[in-house]
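My structure is below; once you've seen it, I'll send some questions.
Chain nomenclature is as follows: A, B, C, D, E and F, assigned in order of appearance, with residue numbering initiated at 1 for each chain independently.
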């Protein structure tokens, strides 16, 4: 048995039908001819692949927030958690949806500031204002 | 000496002129007659109070991103960092700028999903796609 | 069976000999007549209590760094992780070792700044300089 | 348009006057003939570059805490947040200010211990001692 | 409009049919006559409520790992993220599935140790062994 | 003096007697003929090396929880903290103790879900149920 088989991408050709069905849907909906590595690795666990895809499809669809705003939020969280892959892939998605370098810069400025003030609040043990209860 | 004097809010009446100047500017710009506890605690260190206010004023101003989008990003980071005070105060600000319950719900759905996929990517050790390098 | 029995403090009077021995050593070394809640809760698992006490005693002792510097580092980490109890108890310890409100304020300014720049670096995907490899 | 233009370093030669002014000040103050990649990437957003430099210059200056202690706190936060670049660059700065391998080792021991006890406190749901309120 | 309406629990009596259907399923499957606050708050966003419930039901079911092991993993993550509510509710679930105080203590010891060594690895910038690539 | 001497592995041949004694014990207990990089880097601080080894040996031993369950908890924390080295080395250990790809997949699904719900709870500011107090 190879070491850590679940830490290797599953290509379409070697995938089981359940995985192929998800890959097909991703490629059709996103109008691309290949899926990102993220999906190829999740394919090691077909149940998680399917569930994650169904959730992302539903969550990232246009709604009360537009798709670009959702991508910006996604990146902000990924930066805060330090997930390099997620930052790279979602900045790519955000660009396709219209993010300019200026928008990226302003988003990052907010992310930096929020991370700073989150800690200032915590360290100074700021009590909740009556108005926020 | 009282224990942890820096963990107590400084009221306007007891504040030094440098602190009062910042409080005055916040109240004028935001058209309110009192400042939040956050500023009152930071007033224990006037240099940090002034620097933080100058930065927030500049960063949260309208630009390539509108103020509401910036608030949503701020909340997303604060939720990911688990800062209850920041969540409460910035959801308050976001509401004033037009955030509806539906927008809050969609923002939270993205935050939850990003936190989940950030960890899936990390645990499966997903390699960066050539296209993202 | 009471719910979550391990989430209750163990008082000296009800403690087993192994726990009492640790409590005695803490009180003697720190010249206090009671131990903090932290130790009382850890007493639910005597092995963890003893191991944690032995480690802290060794790590926080004077060495290449003085005890106050070590407390400042401890608080900086606790603020970054959002542990309110740890912030409160270690600012108490730091004050006993000479931390002034000015020192606290400067420590917090560094903590805030580091949290901000950590994220800026991550979001901009800053490549390691040759000199740092 | 190149993908993710904001994720590339801006060299002095191609920089706009506002960026060059900051680069010049960094090189003069630190007595070096080049700036680190951190500044070159931030240069994609001149406002963030300038604001970050002004803040760091003010915060890291000698005060109630000496510059080496501030660097140790910076590293402790960066380790806790998992920012490899920040760890590498600030251990470099700390060495220039006198950090010995023994100091680094003790700092890391405190960081490790604080991360451990932060979680023990959280998991055991340790109640705040009356004395810390 | 009440402030932060999404930060209030929705009781069964006031819930819409879609929310009631999820509440009913939770109560039936778990053999309880009320749902926890977690579900009542999520009910502010019926889509997130349903999706979260469907996912948890699938993920926490017996499989290659038994339900108690899954609860221990859930608690370990919640402690690391500092989510007090999640710790309280999942230690409750774990107790129902057989977790003893000794198991809780050992789980916490591993969580504490892992948090410590995660940071030691990061701070010492430990290179990946050839065998782990 | 070489830059960052503490960020280099210490090989057995160049190690001091105190370090060699720990290396010997690790190799004997684990029946291997070399130690992982983790131990080689910690060897830069012999006190931390010894203390960490003593703690891990005690914590990861069989007890109320079996060694495989402990490894799964270790991985779950390491994924949540984003420590790639720790994930790689402990999935290796877990495989030796019987972890199958299915177990890994289910563990990861729980880790992803817990990270998601931790944030949902925080963002919706879910109040603690009376039953959990």
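The rule we apply is simple: a residue touches a chain if its C-beta (ideal position, glycine included) is under 8 Å from a C-beta of that chain, and two chains touch if they have at least 3 such contacts.
What you see is a predicted model, and the numbers here were worked out from it, not measured in a lab.
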Mutual neighbours - chains that touch chain A and chain C alike: B, D, E, F
Interface composition of copies chain B and chain F: same or different, split at half: same
Copies chain B and chain D - rotation angle from C-alpha fit, nearest 5 degrees: 180
Chain whose mean Cα position lies farthest from chain E: D
Rounded Å distance between chain C and chain D, as computed from the means of their C-alpha atoms: 22
Inter-centroid spacing, chain F versus chain D (mean Cα positions, whole Å): 26
Multi-chain contact sites of chain A, meaning residues that touch two or more partners: 3-4, 6-7, 44, 47-48, 51-52, 55, 80-84, 88, 92, 105-106, 108-109, 111-113, 115-120, 122, 124-125, 131
Contact set on chain B toward chain E in their complex: 82, 88, 91-92, 95, 101, 104-106, 108-109, 112
In the complex with chain B, residue positions of chain E that touch it: 3-7, 44-45, 47-48, 51-52, 81-83
Chain E-facing residues of chain F, complex: 4, 6-7, 9, 36-38, 41-42, 44, 48, 52, 55-56, 59-60, 63-65, 69-70, 72-74, 76-78, 80-81, 83-86, 88-89, 92, 100, 102-103, 105-107, 109-111, 113-122, 124-129, 131-133
Chain F partner contacts - residues on chain C that touch it in the complex: 3, 47, 51, 55, 58, 131
Touching residues (chain side chain C, partner chain A) in the complex: 75, 79-80, 82, 84, 87-88, 108, 111-113, 115-120, 122-125
